[in-house]
Every structure is written in C-alpha cells, then in structure tokens.
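Read through the structures below before going on.
Two complexes follow with chain A in common, the first pairing it with chain B and the second with chain C.
This part shows the complex of A and B:
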C-alpha cells in the first residue's frame, strides 16, 4: 500500500510546490495524476521517488518510510521521468547492466525479463548502440525496460505516453494493466484524459499545489467526464 | 549584422547572469548572480594587480621596454590555455545552437556565433589589460604614440591569434588521432596541451635562468614566439607586421573551416556511435562497484573538458617522477632551493612536488554535478551514498596510480633514509590522495549544480570546484610549511591529520544522503 500523508514541499523563496498532499493507493490501483502545467504534479512525483526532499509529511510503501529508510523504499519503486536524460555515452545494454546491478537482482531473473521486454518493445540491435543516438521515444522505451525488469511494487510514470509510437503506447497501457493485476500500484501523470478514463480506477487532480479531486474514476465519471471536470476546476485561470 | 549584435548582447548578458540579477524575484537566484559577478570582478582586480606588479618590477630594473612583450605573452598563453581547457566543442555547438540556426540570420553568423562571442570576451580582457599597461607607462616610454597605436593593434590581434591558434592545433590533433583511429580524450587533451605549449616549454628549457621575464618575453607573440630575437628589447614595426600577417592567415583558415566545413566540424566533435555489437542480450555482470565505476569512467572520458581540466596534474606527476627515475638531468638530485632562512634539499623539493600534484586537482569536486540532468537515475536508485562515493573516488585514485607508483619508487630508491621513512612517505601520499578525493566529493555533495548548460560551469566555475580548490590550497600550505620546517614528526603529524579527516568525512558521508533541495 502507498500512503502519502500531508506531503508538503515548497521551493525556496517561492510559494510554488505542493501543499498537504494526502493519498492512499492499494495493490492493483492505477491512478491518474492530473493537473495544469506547473500545478505541482512533477514536484509531487519527484518527492515520492526520492529526488526531492520535502518539508512536511511522510510517504510509506508497504510500511517502509522514504524518510527513515530511503534505500529499502527505492528498491520497491520504478520511476520514469517526463524527459528521460540518460548517460549518452553508455549503450542501452550497459545502462541496463548498471541498473540491474544497482537493484541487485540475479542475472537469470533479469535476463528472462529483459528478453521479453526487448522483444515486446521492438528494440532489436539498437540496445547495443550509444544512448546518445536514441530518439526521445527510444530513451523512453529504454527507461521502461529498466524500471520493469526489477518488478517494482510501485510504478511511477511522469507523462509516459509523450514521444511513444502507437505500438509502444499500446504495450505500455497493456503492461500497466498487467502489472496492476499482478499486484503493483501504478501512478502516472498525464494530460491525455480520454486514455486516463479508460485505464485508471482512481484519479487525483491537483491545482496550485493542492489536491482538488481524489476519487475513484467510477464516482467521478458518474458526475461528468474527466475533461469537463478539469475545465471547471481550472476555468478561472 | 544588427541581429547578430543584438543576439550576442542577450547571450553574453545571460552568460554573465545579468538577467538573474535584474529581474529574478528569487533571492537565491539573485545571490548566486551577485556571487558570480563578484567572482568575475575579483578576477579582473587580481589581474590588474598582477599587471601593476610586472610594470613596477620592470621599472625598478629599468626594463620597461619589455612590458608589452611580456604582457602580450602572458595574455596569449593564459587565454590560449583557458580556451583549450574550455574545449573546442564549445565553439562549434552549444545548448542554444539549434535556436540560433533557426533564426532568420545569415548562415555564417550562426556558424561563427560562439566564436564571435568568445572573441568579444577576449577583446574585452585584452583591452582592459593593455590599457591598464598604457596608463602605467604614459610618462615612461619613449615613442608613446607608437606604443599606443601598436597596443591598439595588439588588442585586436591577440584575441584573434589565441582563438585561431588553439582552434587549428586542437582540430589538427583531432584529425590526426581520428586518422590513426585513436579515440581517447586523455591522449587528445595531453597532445593538444603539449603542442600548444611547446614554444613556451622550449623557451623555458633554453632559458638561462627560470626568470619569468626571460621566459615570457622570449615566448611573446611580439617576438613571434622566439623566432625573432628580443635582444634589442624594442618592438618594431616589422614585428607587428609579421604578427598581423600570421594572424590574418590563421584567421582565414579558421574562418574557412568554420563556414565551409562546418558539417565536418560538427561530425568530428559529435559523439561517435561506433561500437562493437554483441550477439547476446543477456546481462553478464552483477557487480555493483564494477558497473558504477565503469559508468564513472565512461562519463569522465566522454568529456574532453573534464579530462583536460583534471588530467594535467596526474600527467605532471608521472612525467616528473619518470624524469627522476631515469635521472634525465643531474640537476634533479643536486638542485637546492634557497629560501630566506631555509635551504630546501632535493628530497623535500620532490616531496613538495608530489604533494602539489596530488592535492591540486581532483575529479570528485565536480563528479556529482557532472551527472547533470541524468542525476535522477542515481537519486531514484536504491544506492547508498558510500557505494556512489567509492566509484567516484576510485576514478580520481586511478588517474594518479601510475604517477604515484613512480613517485614512490623514486622516493624509496633515492631519497628514503630508512624503511620507516619509506612507509611514512607511501602512507602520507596515499592518504593525501584519498583525502582530497573525499573532500572533493563531500563538498560537491553539499554544493551540487545539476542544471548546467556548459560543462565549464561545473568543472571550472562550479561552487564546489572553487571551494575544494580553496580547501586543497589551505591543506597544501599547511603541508608545505610543515615539510619546509622539517620537524622529525612532520610525516607522522600529516598522516595523523589525513587519517583523522578521512575518518570524520567517511562518518559524515555514511550519515548523509543524496537528495535535491
């Protein structure tokens, strides 16, 4: 279970950031994280995955606190950023080797996962080429392989469909459903609301650093579409 | 042309952080901009102070005629050295290159945009230095108007000459190494430095004394780097015409390559994608240290700027120690340095040389910042800070291993008085290397900068690099004083200090974590 309690993170000398975010997600949840540009989505995500420190609150995954035990917490998380800046001078293969050793998974397990993922994401021999030669979509696919190969309990994706081709998009949607069915929690930020409506069972909307909607998708859709709800919240902007 | 000037104005103002100073509402941003500008101002004041010192020194020795040759020489070598350290890649493309090429301006202006920016900067530096010199010599020099006119010419010639010379040498080395299929940034950096500095090294080697006046005046561009004799001490019309001719020729070559062979330049300085293709897709290695270290090594070797700025002292230690080891000059073992009340024997000169080389630079002071925007990988990984520190420190240690091994061999064979003395030297040098590496890493952890657009911002101008340099200078001064005073317990004390600080920092590192504010 992912439990976020009163998470507050404000940037120095500014009022921007995230205020009192509280969120509980259980195994099997796919949660859409929605908000305008600059609403605080990426700040929240970066706090959850341990990139940023935060001012108040705590985040726990299966009882493990990121504050008290960041290493154990991160071991259970897979994160894909909105812009995947990778080590350009490494090959995709050596990058996966590095990630594999950091997560300390035995080679047999990784190789089994790796071969399946490489085939599904249509990587081919490009895996042995330098990352600097990859397109945005290829980097995105490489990050997806790296985060999925260690079977994380919590998958966090920051605008994951940007730059992916239709095949990779389909793969990712199916993989999100499959991983959630197997017991993982998936939290992802997106602006593509139509896809979120079909894919997610929970939704969190954030506006000016504060949570304005935290509900199940079924409840929300019974009132209005996601798009209508989003427009009504942000209408005065 | 007005578009180019306008764009250059914005670009320079951005580089010097004027916008942060003027319009940012964030206090941290403004503080950073103020500190950066204060740093630049301090550098200008120090440079002018040095010019005043040279003028005064030459005046009391009645050698004022050598002032402009020496000043032009120092400017040429210092700016040239800086240009090579900054990396030629920076002249060809930068983070705003795509934007500049998309703007409605002539193509040649877009291609030469970064060169022109550097030229403006160097013109400014040369003008400040030369006119400060003129003011100091207004009432001393005969033919003042000739000096003034030739100085004006010098302000224009020097920056052009520096940029064209360094560009041609760097490109020639690159092309040669590509032809020989050698793809090593370390070899490229060392060879470029060696070729560029060869007139200065040659004149130093041939100098009767190690006096800066002899060395710099002989290597002055005004005497065509020693080709024209400086015996008359006067800079005549002929010298200036020759220099102007050479500069024009080099500028034409540089301009031609930039405007007509720009695609070749971009291809030469882009990352190579040639790699051996492996057949299997099975991961073979599961060693964390090995993979992290391999990543560090690849990251380090990927940047000629990073390599150039950190490989000089390890290389100097190796070359110096080899010179001692093969006894290339009897002077090495007989030379003594007379200070006011103390005479330094060759043994202590060697210890100081080794210590200076080890403590002067470290790769670790910018190794975290150098991760740049890919830092998210380490931040989100279940890694302990010590795992990361070990890999980054190992890289700095690796660079010094060949030089240090030779230095230890030299000391134990030629300078050591006992087994204990040898062991103390070995322990002292190794702990000093570990100490400076850990200090660099620790400082970078406290003052990281992951949002940079040019490698120089973190490698040379980063807060952590500057703080580490100040700390290592303090460490070096204390070590130097203790070695010069030659107490019987000097090595014991230094060793104790090194081990204590290392232990303390390891303890602090174990408590710390890698996180962004």
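This part shows the complex of A and C:
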C-alpha cells in the first residue's frame, strides 16, 4: 500500500509546490495524476521518488517510510521521468547491466527479464548499440525496460506516453494493466484524459498545488467525463 | 558497498570514454618533463630561441640536486598550473550530473547519498592520481637521469602523501559543487579555497596544524629526505575530507 500523508513541499521564496497531499493507493490500483502544467504533479512525483526532500508529511510504501528508510523504499519503486536521462556513452545493454547491478539483480534474472521485455518492445540488436544513437522513443523504451526489471511494487511514470510509437504505447498500457493485476501500484501523470479513463481505476486531480479530486474513476465518470471535470476545475484560469 | 563499486566503475568507464585518462596524463607528463629539462638546459634553450640578449647565466651556478628539481616540479608545476587544470577538470563532477538530470536518475535508485558522493570522490581521485603519478614518474626518471639519483622509496612516500592532498581537493570540489551551480564558479571557488589552504599553513604553527594544506609540507619533506611523519597533518586532512563529504551530503539532502 502507498500511503501519502499531508505531503507539503514549497519552493523557497514561492508559494508554488504541493500542499497537504494525502493519498492512499492499494495493490492493483492504476491512478492517473492529472493537472495543468505547473499544478504540482512533477513536484509531487519527485518527492515520492526521493529526488526532492519535502517540508512536511511522510510517504510510506508497505509500511516503509521514505524519510526513515529511503534505500529500502527506493528498492521497491520504478520511476520513469518525463525526459529520459541515460549515459550516452553506454550501450543499451551495459546500461541495463548497470541498473541490474544497482538493484543487485543476478545476471540470470536480468537476461530472463530482458528476453521478455526486449521482444515485447521490439528492441532487437539495437540494445548493443550506443545510447547516444537512439531516438527519443527508443530511449523512452529503454527507460521502461530498466524500471520494470526489478519488479517494482510501485511504478511511477511522468508523462509516459510522450514520444512512444503506437506499438510501444500499446505495450506500456498492457504492461501497466498486467503489473497492476500482479499486485503492483501504478501512478502516472498524464494529459491524455481519454486513455486515463479507460486505463485507471483511480484519479487524482491537482490544481495550484492542492488536491481537488481524489476519487475512483467509476464515481467520477458517473457525474461527468474526465475532460469535463478537468475543464470545470480549471475554467477560471 | 556494491553500489559504491558500481558507481565508481561507471565514473571510471565514462572518464575513459571521454579520453580524460589520456589528456590529463599527457598534461602532467608534459609538466613533469619540462621542469628538469628547463632547469638543466636553460642556457642552451635561451641561446637557441634567440632571447638571451642582456641575460647572463652564471656558468658557475650551483647545479641543483635531484631533490630540489623534484620539489620545484611538484611545488612549482604540479601544485600551481597542474592544480588549476586538475580543478577545471573536476568542475563538472556534480554540476554536470545535476544539469543533465543524471543526479535525479541516481537519487531515485536505492543508492545512498554517501555511496554517490564517495564514488565521485574515489573515481575522480583515481583518475587524478593516475595522471599525476605517471607525470611524476616521468619527472623522476628525467631528474635522476639529468641530476643524479634520488631514493625511490622517498619518492613513493611523497606520492602517497600528495595523494591525500589531491583527495582533499576533490572533496572540496564536491562540496563547492553542492553550493554553486555554475561550473566556472565552482572551478574558481575551488581554486581560491585550495590556494587559501596552502597559504594559511605558512602563517603560524597552529594554522599549519589545522590546515589540510599541512599535508603538502609533510609530502615535500619526503623529497627533502626529512623523515617527519606528522600524523596530526594526516589526521587533519582526513578530517577535512570527511567534513566536506558530510556537508555535501547534507546540502544534497536539503535540495
């Protein structure tokens, strides 16, 4: 279970950030994290994955606090940023070996995982080429493989569909469903509301750093579409 | 510990792919080579470049000892021009990670801040000492060839103690990188702080004992065959390195 309690992170000299975010997600949840640009989505995500410290509150995953035990917490998380950051001088395979080594995954498991994931993402022999030669979409796919290798309990994706081709997009959606069915929690930020409606069972909308919607998708859709709800909240902007 | 090895290895592999081992080593080899050659052949050089008008070189000037030549190579060349270039090569060690997002990549993995910082320290210390050691050995060979023998064990002891000073300089660059974002400003501040620590050790005995620069005197004493292993200087230097890393870790945690 992911439990976020009163998470507050404000930037120095600014009111921007996130205020009192409280959110509980259980195994099997796929939650869309929605908001306008600058609403606080990335700040929240960066706090949850341990990039930012935060001013107040705590985040726990299966009872492990990121404040008290950050390494154990991060061992259970797979995070894909909005822009893939990779070592350009490495081959894709060396990069995945590096990630495997950081998560202390043995070589047999790495190879087993790679066989499956590389096939699904049509990587082919490109995995042995330098990352600097990859397109944006290939880099994005490499990051996806790297965050799934250690079977994380919490998968966090920041704008994951940007730059992916239709096949990779399909793979990612199916993989999110599969991982959730196997007991992982998936939290992702997106502006593609139609996909979120079909994919997610929970939705959180954030506006000016505050949570304005935290509900199940079924409840929300019984009142209006996600798009209508979003427009009504942000109408005065 | 595994993550420390993994990250250090990554630093070394990345440095190798960027040819840092090669250009930094070439630089220190040239530095190490020039001082003994210039000292020995100054009159010949001046004659041949035609710039000797009005300059008289005393033909009876004393020939410097090999220890003096080695000392002027290290204090004069390595610890001035060499130090500046070395620090410039270190200015991106945290800043580049931060600007490229690589720091975020590492901090979202189960890697402690300490492992991250210590791997940076170890990786860049190994690269620096690899280059400096080769440059120093070249200088040593030329010096004993041109000016007579010098104890190799003293030379090795010098290098070991000098490597502690380099470890301190790398840790200082890491600390300053957590305060300042601009790589140029990081380099300038680190150079200024290093010079400060070198200068204050000469003010009085207390400052000498309390400055990490005191380790330089200890190292140079090995070249002068003064066998004074002042453990307090070693302890001071190690304490400063530890302090720099702890402070840097605290800064990154707050960021």
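Everything that follows uses one rule, which is that the second predicted complex is superposed on the first by the 237 of 237 C-alpha atoms of A that agree within 3 Å, B and C clash if a C-alpha of one lies under 4 Å from a C-alpha of the other, contacts with A are read in each partner's own complex, and residues count from 1 in each chain.
In the analysis below, a contact is a pair of C-beta atoms (placed from the backbone, for glycine too) under 8 Å apart; a residue touches a chain by one contact, two chains touch by 3 or more.
Fair warning: this is a prediction, and the values are worked out from it, not measured in the lab.
Chemist: Since both structures carry chain A, what do chain B and chain C do when superposed there: clash or fit?
Modeler: They clash: once the shared chain is superposed, the two partners overlap in space.
Chemist: Who does A:229 touch here: chain B (first), chain C (second), both, or neither?
Modeler: It touches nothing on chain B or chain C.
Chemist: In the superposed arrangement, does A:101 touch chain B (first), chain C (second), both or neither?
Modeler: Both chain B and chain C are touched by A:101.
Chemist: Applying the document's definition of touch, where does A:93 land relative to chain B and chain C: first, second, both, or neither?
Modeler: In the superposition, A:93 contacts chain B only.
Chemist: Under the stated touch criterion, which partner chain does A:132 make contact with: chain B (first), chain C (second), both, or neither?
Modeler: So A:132 only meets chain B here.
Chemist: With the two complexes superposed on chain A, say which partner A:41 touches: chain B (first), chain C (second), both, or neither.
Modeler: Neither partner.
Chemist: Look at A:51 in the shared chain and tell me whether it touches chain B only, chain C only, both, or neither; answer first, second, both or neither.
Modeler: both
Chemist: Check the contacts made with chain A and report whether chain B or chain C touches more of its residues.
Modeler: Result: the larger residue contact count on chain A belongs to B.
Chemist: Which parts of chain A are in contact with chain B and also with chain C?
Modeler: Correct list for chain A: 46, 49-53, 70-72, 74-75, 77, 79, 81, 83, 85-87, 89-90, 98-99, 101-104.
Chemist: Give the list of chain A residues in touch with chain C in this complex.
Modeler: 46, 49-53, 70-72, 74-75, 77, 79, 81, 83, 85-87, 89-90, 98-99, 101-104
Chemist: Using the touch definition up top, name the residues of chain C that touch chain A in the complex.
Modeler: Listed in rising order, the residues of chain C that touch chain A are 2-3, 6, 10, 13-14, 17-18, 100-102, 104-105, 107-112, 253-255.
Chemist: Would you pull the chain B residues touching chain A in the complex into a rising list?
Modeler: Interface residues on the chain B side: 25-29, 271-273, 275-278, 281-288, 290-292, 294-295, 298-299, 301-302, 372-374, 376-377, 379-384, 513, 515-517.
Chemist: What does chain A use to touch chain B in their complex?
Modeler: Residues in contact with chain B: 12-14, 46, 49-53, 70-75, 77, 79, 81, 83, 85-91, 93-94, 96-104, 106-107, 110-111, 114-115, 118, 125, 127-130, 132-133.
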